[in-house]
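Every chain is named by a letter (A, B and C) in the order it is written, and numbering of its residues begins at 1.
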Amino acid sequence: MQPFALKAALDTVRATTPLVHNITNYVTVNDCANALLAIGASPIMSDEPNDVRDIQTICGGLVLNIGTLNQHTIEGMFAAGERAAELGHPIVLDPVGAGASTLRTTTAGDLLDKFPIAVIRGNMSEVKALAGGAASTRGVDVCPDDAVTEDNLAASAAFARDFAAQTGAVVAITGAIDIVADANRAFAIRNGSALMGRITGAGCMLTCICAAFAVANPDALLESQVAAVAAMGLAGQTAQGRMGGFDGNGSFRTYLLDILFNLTGDALEQGAKVEELAH
Amino acid sequence: MQPFALKAALDTVRATTPLVHNITNYVTVNDCANALLAIGASPIMSDEPNDVRDIQTICGGLVLNIGTLNQHTIEGMFAAGERAAELGHPIVLDPVGAGASTLRTTTAGDLLDKFPIAVIRGNMSEVKALAGGAASTRGVDVCPDDAVTEDNLAASAAFARDFAAQTGAVVAITGAIDIVADANRAFAIRNGSALMGRITGAGCMLTCICAAFAVANPDALLESQVAAVAAMGLAGQTAQGRMGGFDGNGSFRTYLLDILFNLTGDALEQGAKVEELAH
Amino acid sequence: MQPFALKAALDTVRATTPLVHNITNYVTVNDCANALLAIGASPIMSDEPNDVRDIQTICGGLVLNIGTLNQHTIEGMFAAGERAAELGHPIVLDPVGAGASTLRTTTAGDLLDKFPIAVIRGNMSEVKALAGGAASTRGVDVCPDDAVTEDNLAASAAFARDFAAQTGAVVAITGAIDIVADANRAFAIRNGSALMGRITGAGCMLTCICAAFAVANPDALLESQVAAVAAMGLAGQTAQGRMGGFDGNGSFRTYLLDILFNLTGDALEQGAKVEELAH
């Protein structure tokens, strides 16, 4: 991937202020809104079935995050998804905790079956569970056995490409090494920080940012998702570099938002560690 | 308005620790609670219809914020509003996203029709939608066409006064220039910072602070709302002045709370840029 | 209590990363998740009745916090509690606002009656309300008449021991002086900071941390709860010491998480002010 695509993808987000409708969990929803604002997008949250069609209509895309789903928000997800599909808006699915409960696995699967999901963003355990694989789980954390490493990178990329081919979605699997793939191409991104697992919401925030990039870059969906994942990873890595001796996850969260807020297309281009993986 | 009224309004909040019952959206609810604590009030949140009458009974006022309403919280809003009205407690309405969906516009209108709302606090697009005007919308953001400017200030103030006369509420319209009006008088407040639009919750926090000021200053409702709006604007402006080169919206949010926490009546008196507008 | 028990209790949390299932209020849920991550545990939130049994099954313990309960989450609490009881997982109950409404008092009482609650963590007004005493209340704050002081310390400790004997739970009553007791022994902890009452969520975060300590230290429940309460108090006290002239409750919240994140067993051992109280 040419560096230019990363810069252009971010610059376009900032130039167009995409309006993103989020049905997401109540744990990290505030961080999600602030992350969207930091990256230059505009968030709106609505999960009431009677409200979501109108809200989706004025937005450019939809996030479906199953982190704290309940019967009512599930209904809202399907109503919003239907409207997004009618309008051709990109839908980004975050299967939080898929594999950890039947309801989560089933709901994520149903959403994927019913709607033309543009992007799936999760950790490897969640994406494997969604793909119908063995559902080892540590709740919302990746199961250590599932972590993407240099050793299993080629196989992981093949899995991502295959799942992309099967679903028609761009598949973004994040962890120590991130993979972003469509049916034909796969990229590894080696930014990030282990501290991102010591705050809640790093994954959820990224999912929302993926939606902003998808809305702003409709003609370059795969590249836009590589850019989104690299932007978040670079922000995490930079935030780690800013940590002083007294700092902990409270400060790390603040730094992460601050860096997303100030991230330029040029800085993303220079800092992103993106490699296209051979078949 | 005499500066003294601003200082007295804030000092009274800090001296009396008003207990404010909030039915508000789950996006910014944590910021709302911390903003109330920062300004010297005490927050309690409850939206369950079976709980809200008891909670409202022990509180001094009620915030109704429609940011993420659902069928269940709407029911809670009406139950709480009824109890607040019985007790003569001030109700502050924040019509978040009115104009963006039928449910939001209708619910805000129904609340306004049914209860003796003391204060309406929103951006101009939301307040216009509530007033039945043309519903241009950018979701929860003000539509650029609706922004209050020096050029349309007199007309905007007249609109605010008219809507106040029609509803019996103090109308607080916030943006680059804030307007606070009752049926007879209107004030412009020129504090604030554009960064307040780059965090989620600046408006929601202000709405809660408006409620705290209303509860603490029952005999000077209009003045108290000018003070609340000026306090938030001054905090935003001061927070912007504290921003360093690496800071973004993460730090801005923290600074905003910190400044509200430390804001004194004297500092408010000195920093507020309040002008009474002629008819 | 030997200092060693405090150090060991925290070290075991960090060594074992207990997975804690939280059904808690939407006001402070983000802080709860970050506090659990800071202390070395792993949070998962789920309140949907159809989801909670599966989630509880993969976790080690359960937090039931009634801060913003509604009919649906109450149902989720009972379903999760049943599963935790089947599995012998510790349940920690936080009766937020018990005494402030019939629904809260009744629900907390029903949970206590139905399940083998391991730990009750609240302020004195809430715990008194739960114990069926006079229900004076300041909403979610302690009523000044109920505050634990040096003058009423012995009587307060006797109350805590009696309530522990009656319920079978460890009782943790937090305030200016904290008390942790089982039926036989009671401890006073004199760490903490008045600033903990100027942020939302200090109590909720502690409740989650109590659960993490209970899960990690099944053979030393009382000691583990003394350690949890001392850890939070020490963090608050240290955070207060870090406050600069411009800092307010925004920064205090960040410092609190940072200090929890960096807190070592040795620092806890050295900083905790724990006294066993004679009968």
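In the analysis below, contacts are C-beta pairs under 8 Å (C-beta built on N, C-alpha and C of every residue); 3 or more make two chains touch, one makes a residue touch a chain.
Composition by chain, UniProt nomenclature: A, B, C = Hydroxyethylthiazole kinase.
These numbers come from a predicted model, not from an experiment.
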{"item": "Interface residue identity across copies chain B, chain C - same or different by half", "value": "different"}
{"item": "Rigid-body rotation angle, chain C and chain A, from Cα fit (steps of 5°)", "value": "120"}
{"item": "Approximate Å spacing (C-alpha centroids) for the pair chain B, chain C", "value": "33"}
{"item": "Contacts with 2+ other chains: residues of chain B", "value": "26, 30, 72, 253-254"}
{"item": "Residues of chain A defined as touching chain C within the complex", "value": "25-28, 30-31, 67-72, 97, 100-104, 137-141, 198-201, 246-251, 253-254"}
{"item": "Residues on chain B engaged by chain C in the complex (per definition of touch)", "value": "19, 26, 29-30, 33-34, 37-38, 42-48, 50-51, 54-55, 58-59, 72, 242, 253-262"}
